[in-house]
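In the part that follows, the structures are each spelled out as C-alpha cells.
Presented sequentially are two complexes of chain A, the first with chain B as partner and the second with chain C.
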Partner chain A sequence: MLTTLRDLLRYNAGFRIGAILVGLVATMAGLSFVSPYSPIDTFVVAPDMPPSPAHPFGTTSRGQDVFWHLTFAIRNTLAFGIIVALLSRVLSLMIGLVAGYKGGWVDRVLMSINDTFIVIPLFPILVLFYFVMRDRMSWTALALIMALLGWAYDARLIRSLAMSLKTREFTHTAVFSGMSTREIVVREHLPYVMPIVFSTTMNNMNWSIGLEVTLSVLGFTDINSPTIGGMIYWANQHTAMVAGVWWWIAFPVILIIMLFIGLFLLAVSMNEHIDPRSRLQRMGAGGGA
Partner chain B sequence: MTGAAALAIDAGQAAPAKAVLRVEGLKAYYRTRHFGVNREVRAVDGVTFEVRANEIYGLAGESSAGKSTLIKTIAAAMRPPLEVVGGSVGFSFLTGGTSIHQATSAQLLAIRWRNLSYIMQGSMSVLNPVRRVRRSFEDFAARHMGGRGAAFEAGVVGHLARVRLDASVLDAYPHELSGGMRQRVAIALATICRPDFVIADEPTTALDVVVQKDVLGMIRDIQREMGSSLLLVTHDLGVHAYMTDRLAIMYGGMLVEEARTADLFLAPQHPYTRHLIASLPRIGDDAPRVGLAGSPPNLAAPPPGCRFHPRCPLAGDRCRRETPAMTVHAPDHRVACFAVGGGGGTA
Partner chain C sequence: MRSYAKYLAQRLAQCLLVVFIGINLTYAITHATPIDPVEQSIAAVTAFGNTSPEAIGMMRQSLRELYGLTGGPLEQYVNFWRRIAIADFGPSLSAFPTPVSTLIARALPWTIGLLVTATLITWTLGNLLGGLAGYYQDKRSLKIFAVIAIGLHPVPYYIVAFVLLVMFGYLWPLLPIAGGYGMNIEQGFNATFALSVLKHSILPALSLMLIGLGGWFLGMRSLVSNVVSEDYVVYAELAGVDGRRILGSYVMRNALVPQVTGLAMSLGAVFNGAIITEQVFGYPGIGSLLVSAVYAGDYGLVLGVTTISIIGVSAAVLIIDLVYPLLDPRVRVA
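Then we have the complex of A and B:
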C-alpha cells in the first residue's frame, strides 16, 4: 500500500498534481479548526472589503471573512463527499459482489433494483425531496439520500468483476473446501475489487459534491450550514457580482475546481495503476514472475 | 482375486472392503431449456468402475469424452445445468449414505478436503492472485485441520517440504512463484489433510515435460506415503503409462475399456483403444501413424448402439442397434465391444 503510494508519487505526474491539489484543499478544511470566527456568526468584520493582508480573500456583504468562512464550507463539502462515497461504496460492494457471485434469481432481483436506480433522473428527485422535507432536510439527510441514490453504477461494475471471479479456479476450490458464501465474497473476492473501488470512490465524491453544490447554489438544501454551494447561494442573494464583490464567488469556485481536478487526477492515475495490462507489464519488468 | 472384484461389480454385489470409490451406472447430463427447446447433452452415460485403496486409477479419453464431467460428478461439485440423472457414487469413508449425491451438505463439508480432495483443472489458478499463499492455506485447509495456529503452521511447513518447497513461499503472492512451484503449492494444498481419495484433473497439463515428470513423481510419492487413492484424469497417455496402476479409456461419455495399465498398453482389445495406442509415437519406429476418420460423437445426439460404430473398422449390424456393456475379458480387464467377444448378451 505504502510502496504503491510512493511509486505513484514518484512516477505519475497526474497523481502528484492531484495529491497536491487535494492536499491543499484538505489543509484548507483543516484550518477551520483554528478559525477565529464562528461559521454561523455574521457581521463580525467590516462587510464588502476586497482582499487585503488582514482579510486575504476579502469579506462578504454579510460581514464574514471569506477565507475563514471558506475553511468551514470546504470542510463540510468534503465531509459530505466522503460520507456519501463511503456509504454508497458499502452498498455497491455488498450488492455487486452478492449479485455477481450468487447469480440466478438473486442477481436478477438485485440488478432490476439496480437498473431502476440507474434510470431514475437524480436531480428532480433531489429537488422533490427538498420540497417534501423542507426544514427537516438536514446535511445528514441529504448525504443519506445521495448515498442511497449513488451506488448503482458501481454495483454493476463490481458485479461484472464478481461474475468473472466466480468462474475462476480459486473460487471453485474455495467452494469445494467448504467456505460459505459470506467468507468467499469477503475473503476471496473483496480484496480483488478493492483497488477499483478506491478509484470509483474519487469519482463518486466528485459526483456527489457536484450535485450538492448545484442544489445549494439553487437553495435546495439547508442553507444555514456553510458549504461551497451555500456560499455561492448567499453571494447570489446579495448580487455579489453586480455589486463588484467578485471575491465572494471567485474563491469558493476556485477551491471547488481545485478539488474536482485533484480528485479526478487521483482517480485517473489510480485507474492507470490498477489496469491489469499495465500491471502485468510492471510485474514482468519487476522480474518477479 | 482382482478378477473377482471386477466380477462383483458386474453382478452388482456388495463392494469388496478395499474399494474406496464405487461408481455404478452413473449418468450425468447437461440439461438446458432455451425458449422452449430442450437440449440434453449426455456427457456421462452409464459409467461403472471402482478405485481401490492405495492405487492410482487413470482415466483417459480425448477432449469431449466426458472426463471432466465424470470427475465433477464424482466429487459432487456439479453446477447447473449439469445434473445427475442416474447411478450412484459411493465412497468407503462416506457413512450412512449409498451415494455422495444423497449426502447432506454437512456430510459433504465433513468429508471434503479431509477425506476427498480435488486438484482442479488449471490447478495453477487455485491460488487467489491477490492473496498470499499462506492465506490460501488458511482459507481452504485450516477449517479441516482444527483451525490456524502454531501447530497448523508447522504442519503446513512440514507438508511443503514434501513437495520440496521452502516455508518462504507462504509469504509470496502466486505471481511471484514459477509455474512448477505454483503447481506444487496446489498439490500441497490438496493433500495437506492426508485425504483418503484425491481427484486430479489434468494436474500437469500446463507444465513442460521436465517439470511435469518432477511434479508427477511428487504426486506419486505423496500418494504412496499416505496410502491414499488417486483418480488421475488426463488425455496424455504418456502420463498414464508413467503414473497409473489401472487405466480406463473413455469415449463419448462411456467407458470402453479398463485394464491394468501395462496390459492396456500391451494388449488393447477395444478397436478405439487399439487405434489410440497405435497412434502413440515410439522411439525407433518412424512408420507414419494412421488416424481414424471422423470425429467424436455429438453427445447431444449420440449415434444409436455403440457410440464408436460410425468410426469403427470392425462395426457390424449389432453395433448399430445395441449398446455394448462392459464385460470381463480377462482378469482385471473389462471391455465394451461386441467385435472382440465382449459387450454382453443384451444391451
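Then we have the complex of A and C:
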C-alpha cells in the first residue's frame, strides 16, 4: 500500500498534481475547525469588502468572511461526496461481484437493472424528489438517494473484473475446497477488486458533488447549510456579478474546480497504475508503437 | 438474420425496462412524501389570486389522480400509468389553463435541437482528435489538447456554463447570453430568425461541447493506443499500407465500436447536462421549463418533464442501439 503510493508519487506527474490539489482543498476544509466565525451567522463582518489582508477572499453581501465561510462550505461538500461514494461503493461492489461471479440469469437480470440506472436521466428525478420533499429535503436524504442512484456505472466495471477472476485457477481451488459463494467473493475476489474501487470512488465523488453543486445553485437543496453550491446560490440571489462582488463567486468556483480536477487526476493516474501496460510505458521500460 | 432479430428484441426489452423502472421510481418518490402535496400546491396557487371554485375542483381532481391519491392502492397505480400513457398531466398550474403536454411539446424541439447538434459535433470531433492523439503519440499539439481536455472534462456542466456566462456576459459581451432567439424577431422560417437561433445557441452548445469533448477524446486515445499494438496493424504497417488508411479503416474503425456503445450509455448524463445548461442560458427548452415549474410549484409540469425525459432518453438510446449493427457486423451474423 505505502510502496504503491510512493511509486505513484514518484513516477506519475498526474497523481502528484492531483494529490497536491486535493490536499489543498482538504486543508481548506480542515481549517473550518479553527474558524473564528460560525457558519450560519450573517453580518459578522462589514459586507461587500474586496479581498484585503484582514479578509483574504473579501466578504459577502451577507456580511460573511468569504475565506472562512468557504472552509465550512468545502467541508460539507467534501463530506457529502465521501458519504455518497462510500454508500454507493457498497452497492456497486455487491452487485458487481455477485453478477460477475454467478453469471447466467442472475447476471442478466442484475445487468439489465444496472444498465437502466446508467441510462435514466437522474437530474429530473432528483428535482422531482426535491419538489416533493420541499422543506424536509435534508442533506442526508439527498446523500441517501444519490447513493441509491449512483452505483450502476461502477458495478459494471467491477462485474467485468469478477468475470475474469472467476476463470482463474485459485477460484477453482476455492470451489473444490468447499468455500461458499459468499466466502469466495469476499475473501478471494474482493482484494483484487479493491484498487479499481479506489479509483471509482474518486470519479463517483466528482459525480455526486457535481450534481449537489448544481442542485444547490438552483436552490433545490437545504440552502441554509453552507455548501459550495449554496454559496453560489446566495451570491446569485444578491446579483453579486452585477454588483461587482466578484470574489463571492470566483473563489468558490476556483476551489471546486481544483477539487474536480484533483480527484479526476487521482482517478486517472490510479487507473493507469492498475493497468500494467500503461505503467510500463510510463516508466519507459516497454511499449514501442 | 435470426441473431439480428434476437438483438433487436433484446434492446427493445431493455428500453421498455428503462421506462418501466424510471416511471416506477417517479411513482415511488411522489408517494414517499410525508406532507399532503395536493393541498399544498392548491394553497400555493390560490394564494396568488382568486380562482373559480370549479377550476380548483378540477385541479384538485387531476392533482389527486396525478399524485395517485384516489381509490385503492392498485387503482392509484393504474391511474398513474394511464395518465402517463396518454400523456395527460392535466392543466399546468403556472400557465393555467394550458395543458402540460402543450408546454412540453413547445419546449421539446429546442432541447432536441441543442442536444443532437452538440452531441454529434462533440462525439465526432472528440473521436477524431482522440484517434489522432492515440496514433501519433508524440505530436506536441495533441498533447497540449489532452491537458486541456483533462482539465475541462471533470468540471460539472453548471460551472462551465456559468463561467462562460460570466466571460461573455460581463467581461466580453460578444454573444447573446439569454433566450433562444432575439426578442424583437418574429418566429418563422426565414434567414433572420434562423441566424438569431444559431447565434443564441452558440454558448449553450459550446459549454456542452467543452465538457463532452474530453471524455470522447480520452476514451478514443486509450482505445486507439491499445489497437495500434495489435498484430494486424503491425502487419499492415510492414506491408506498406498508407498511414492514413491504417488509421482510418484499420484502427479507428475498430476502436469506434465501443465508443458507440459509450454514446448510448452516456446519453442520460449528457441530457442532464443539457437541461442544466439551458437553465443557465435561459434557453427555452425543457430544462428551463423544469426549473421554472419547480419555482412555480407546478407539480403536473415537473412530473410531465420528468417522465418525458425518461421516455425520450430511452428512445434515443434505442435508436443508437438500432444503428449499432451497421457498424459492428458481429451482431448481424453471429
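In this text, the second predicted complex is superposed on the first by the 276 of 289 C-alpha atoms of A that agree within 3 Å, B and C clash if a C-alpha of one lies under 4 Å from a C-alpha of the other, contacts with A are read in each partner's own complex, and residues count from 1 in each chain.
Here is the rule we use: a residue touches a chain if its C-beta (ideal position, glycine included) is under 8 Å from a C-beta of that chain, and two chains touch if they have at least 3 such contacts.
Since the model is a prediction, treat every value here as computed from it, not as a measurement.
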item	value
Joint occupancy of chain A by chain B and chain C, clash or fit	fit
Chain B versus chain C as contact partner of A:Phe170, first or second or both or neither	first
Contacts of A:Val119 with chain B and chain C, given as first, second, both or neither	second
Contacts of A:Pro191 with chain B and chain C, given as first, second, both or neither	first
Chain B versus chain C as contact partner of A:Leu86, first or second or both or neither	neither
Partner chain(s) touched by A:Val268 [first = chain B, second = chain C, both, neither]	second
Greater chain A contact set [chain C / chain B]	C
First, second, both or neither for A:Leu24, with chain B first and chain C second	neither
Touched partner set for A:Gly178, first chain B, second chain C, both or neither	first
Minimum distance between Cα atoms of chain B and chain C in the superposition (Å)	9
Footprint overlap on chain A, where chain B in one structure and chain C in the other make contact	288-289
Contact footprint of chain A on chain B as seen in their complex	75, 77, 108-109, 112-113, 118, 120-123, 125-131, 135-136, 139-141, 143-144, 175-176, 189
Touching residues on chain A, where the partner in the complex is chain B	168-170, 172-179, 183, 187-188, 191-192, 283, 288-289
Of all residues in chain C, those that touch chain A in their complex	13-14, 17-18, 21-22, 25-26, 29-30, 32-35, 37, 40, 137, 150-151, 153-159, 162-163, 166, 169-170, 218, 222, 225-226, 228-229, 264-265, 267-269, 271-272, 275-276, 279, 290-291, 294, 299, 302-303, 305-306, 309-310, 313-314, 317
Interfacial residue positions of chain A with respect to chain C in the complex	14, 112-113, 115-125, 127-134, 136, 206, 209-211, 213-214, 217-218, 220, 232, 241, 249, 253, 256-257, 260-261, 263-265, 268, 277-278, 287-289
